[in-house]
Amino acid sequence: MTLQQLAQYLLSGITQGSIYALIALGFVTIYNVTGIINFSQGEFAVIGAFVAITLAQETSLFNGQAVVTLTWPLPLAALAGVVAAVLVGVLLYRLGIQPARHASPLSQIVVTIGASIALRGMVLLAWGTDPYRFPAFTQGKPLKLLGAVVTRQGVWVIGLTVVTVVGLFLFFQYTLIGKALRASSANPGAARLMGINTRRMGLVAFALSAGLSALGGIVITPLTFMTYDRGLMLALKGFVAMIMGGLTNPFGAVIGGLLLGVVESLAAGLISSGYKDAFTFAVLFVVLLVRLGGLLRRGRGEALERAGL
Amino acid sequence: MKAKFSVGQLAVVGLVAVIALVPPLVRNNYQVFILTLIGLYTMLTVGLSLVMGYAGQVSLGHATFYGIGAYATALLSARAGLPSWAALIVAVVITASLGYLLGVPMFRLRGHYLAMGTLGLNIIFSLILKNEAEITGGPSGFTHIPPLSVGPFVFDNDVKMYYLVWVAALAVLALSLNVVHSRVGRALRAIHSSEVAAETLGVDSKAFKLRVFALAAGYAGLAGGLYAQAIHFISPSSFDMLFSIELVTMAAVGGLASVWGSIFGAATVVLLAQFIRDRLGALMEGASGEGEIIVFGLLLVVIMVFLPEGLTAGGLKAIRNWQANRKAESG
Amino acid sequence: MKRQLNILLAGLGVLALILSACGPAATTAAPTTAPTPPPPTARPTEPPKPEAAPTAAAPEPPKEGDPYVVGAFFSTTGPTSSLGKPEWGTVAMLTEHLNGDGGILGPDGLMHKLDVRKYDDQSDATKAVEIAKKLIEEDQAVVIIGGSGSPASIAVIETVTNAQVPFISVASSSAIVTAQDGTQNFWVFKTPQQNYPVAQVQADWMKAHSVTKVASLGVNNAFGQDSMVALQTVAKENGFEIVWEGTFEPRDTDFSAQLTDIQGTDAQALIVHATPGEGAPLTVQFRDMGFEIPIVHNHGIGNQAFIDTAKDAAEGVLFPIGKLLVAAQLPDSDPQKATLQQYQSDYIAAFGSKPSTFGGHAWDAFMMVKQALETVGPDSAQIRDYLEANIANWVGISGVFNITAQDHTGIGKESLVLVEIKGGTWVFVDPQDYANVP
């Protein structure tokens, strides 16, 4: 393996990993506030991207039965995409999560799975199975770093991830809503006593995470196209990234995502390309093993809590 | 108590009679085939219901064991030359054992991690099936799987497989009822409602969960082997994560903690899918697949939110509540 | 206890529902063809003509007989849908045309509309088997076409064989028609070329271009697998080396790991086995990463979507394909030219986009069935015999077919041409120019 190849694996891995990091940030936001893992996290990315695509260029919907010929400037279309995803997130929370808040965790998981399936079906109905993309945010030839290639859009992806995680950190630390969100997750009872509407906080968390994922989906579309079924894999990999990063820490989620992307890239290139997706879960199992102090040791469930999971 | 019992027994006898009488009355290989599929999916769903409803563990990878049973049966009978009945039995044993072995690390996980873990298992399994083409035939599938033959009986047509599958399904249901009403079942319910309390009372929850998981895996292995011997061709796409989720839908519709509900759940999902394909397919040219996906997703959400005990039990309860409310208001 | 009883009763109720729904072959499916024009109004009965010499007046239009039921299933959803959708559309279009003209003229002298029952198998082999059984038992189809993906086609072989209903597949794997002992499956035919002749055309180009080492990257599904195996076979026969071989998942859109690995090899060309969904993003990434070696696809990218998606990256892509894409560039003497151009204009008129070779496979299957029905009528065994014996020098979209008892596919390398994508469109490459492209 040459230095150029190594650099390429790393660079490609970081780019892909940034995508996972963005999704993971959405997971972290929701989990921090509501304790729910939202399996439809990836669908927000897909929906946001597709709405932006439809508004930015001529698109035919519903198998050709409707043609949208709007050509909004990209930033506006992107904003609309984010808004659309936020709306879907709010709807999901109101119709699916809130009514089920007293149900068992199992039921809640299954609700989000059902939601992800339904959303995927709707996207499929509207946009079909073809891959879509819009032009990169900035045009130009790919850049070279140590002989490795990164496209300009790839730089945008990495950049957006950095900006997002910093923004989230500042949001949670220094803004009133951010602090209210953290309070709701740390101690809902006390938060309510302080006048914080914890139910509304759940809504805010869902809306925020939907927006984050949508942003992620939009920024990766010029790079790796968008298809109706990317949501599930994005969600799975984002989830693994979140676990790697420690579940509650946005910076950890980003590190986790980047690490995951790099490991995947190296393993797929050096070991076996056919098993690329399997490496994600291999990493997951390894991380959990380390966290639990061994997957095979007989231990009590509390070990998980103590390990900060 | 005695009166209820005999009605229950009557109902079972009635069910068996209905099942037995379908092929001669219906005389339609397609319907017989659909009912055979329902029988197979019942076996899968019952195991999943036990795992999810009684043991309270999320399993999003149940199709893995379905696939292990199918491929093991295929390899043993078509490649290793075992007689088909032996291949089936060995495949079930292998699947149950793998269920146990995989359950050991899996059950150290909880909630979402377990869900992810089981999903990961399914994804890895699908990739193995696709990549190890020398053994499994790869994405093109594995063909020429011999039908089940026991002595002079060869199960080589739709009707014979129908009876075979339903005998197996009823046996699986009977066994599961036994488990549920036994010490193991009570222990499981205790674990489900409060694991800590159960453990303080001396219940080794880990061991029980593992046993149920292995049992469910065994059921799935049996269903997989029979599937392979019914269609004589298997391919990785039949055992993927999407099918696992379909199984969860069946379990949810039937009621997560209901043994008999599994027939209902399996039947509803299969028939609903058909209905969508036929009706919606006419409305939107070729869009029945999308329609199916949307409907099932929404179904899952609705059931989990409003009827977590499944369509029948939940529905009946809702009706009874409504009747009781009406009485309270007027009384 | 009571809850279990209730559930049991509900289960019985379901079974009862099933039974009540199983009438004798009730057609539960609404026909999915375009609404057929209203039957001609009854002609006023004429008094019986005296036995005179037959007049040279305009003949009466033939009366109408019962519709012929044809079964079809394609993958319009799922991973194989990029193949299934154009196939479905083509069949729908042809059905509408034929029925708009009153149907086809059967051997009994009556006009018969075509009742084509189409279903979506969702790229799933089990559903394909379900559909095949439904078509046979309930819809009473006399012949079946379809099976966009090879697993779906292979899965139904047993069902159609047991029911003795002929099946024309639109998938490419040789295992569909060839049994384990090398003979052809009696009731099964197929219209796409095998993957082997496609690899042969690629090998011809390699020889002309002095390429001896290639990297082989394919989609991890039945189509990709079969294509990669074909390349391996052709490699051995022609003495070139596959220095790197790998796969990617269907619908994956990031290939950087595989491409990076290929960069470390001394491959002189990249051979890709993919369908447009992955083929286009792959080609884009290939160009972005700065590769300078040629990229050669197989016949999985034979549609406009590839060019639309890959845009500039598609320039210089080579691939063997049926003649449909370069119909206008063929010499007028080519027997296929007129048929190809007719299909093109019909498809554009119906759908507003250019047809793909996948739709072409469905066209071939449908028209073969039409011809068989016109000659022998709705008899499954006779249709099968007709297909085996009478499809000779038969001009279709995928090629000129010669089906025999030993070859249920009927077309080979001669039906393929090498095409280069230049200026955003397909350009025919003469074999003498192989050395000069891309």
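Going by the order they are written in, the chains are A, B and C; count residues from 1 in each one.
Convention: a residue touches a chain if its C-beta (ideal position, glycine included) is under 8 Å from a C-beta of that chain, and two chains touch if they have at least 3 such contacts.
Predicted model only: the values in this text are computed from it and were never measured.
The touch graph of the protein chains shown is complete. Of the two chain pairs shown, B-C and A-B, the one joined by more C-beta contacts is B-C. In this assembly, the C-alpha centroid of chain B lies 35 Å from the C-alpha centroid of chain C. Centres computed as Cα averages put chain A at a distance of 32 Å from chain B. Within chain A, residues 124, 272, 274, 277 each touch two or more of the remaining chains. Residue positions of chain B touching 2 or more other chains: 130-131, 285-287, 289-290, 292-293.
Contacts with at least two other chains are made by residues 77, 81, 85, 220, 247 of chain C. Looking at the complex, you find that chain C touches chain B at residues 1-12, 14-19, 22, 24-25, 28-32, 74, 76-79, 81, 84-85, 88, 92, 118-120, 122-126, 129-130, 133-134, 136-138, 150-151, 154-155, 157-158, 162-163, 173, 175, 180, 220-222, 224-226, 247. Put simply, chain B touches chain A in their complex at residues 52, 56, 58, 60, 104-105, 108-113, 115-117, 119-121, 123-124, 127, 130-131, 195, 206, 241, 245, 248-249, 252, 256, 284-287, 289-306, 308. Within the complex, the chain A residues that touch chain C are 1-2, 4-5, 8-9, 12, 15-16, 64, 124, 128-131, 133, 142, 149, 151, 224-225, 227, 229-230, 264-270, 272-274, 276-277. Across the complex, chain A is touched by residues 77, 81-82, 85, 220, 246-249, 251-254, 256-258, 260-261, 263-264, 276-277, 280-281, 288-290, 305, 309, 351-352 of chain C.
Of all the residues in chain A, the ones that touch chain B in their complex are 37, 63, 95-96, 99-100, 103-111, 113-122, 124-125, 232, 236, 239-240, 243, 272, 274-275, 277-278, 280-282, 284-285, 288, 292, 295-299, 301, 304, 309.
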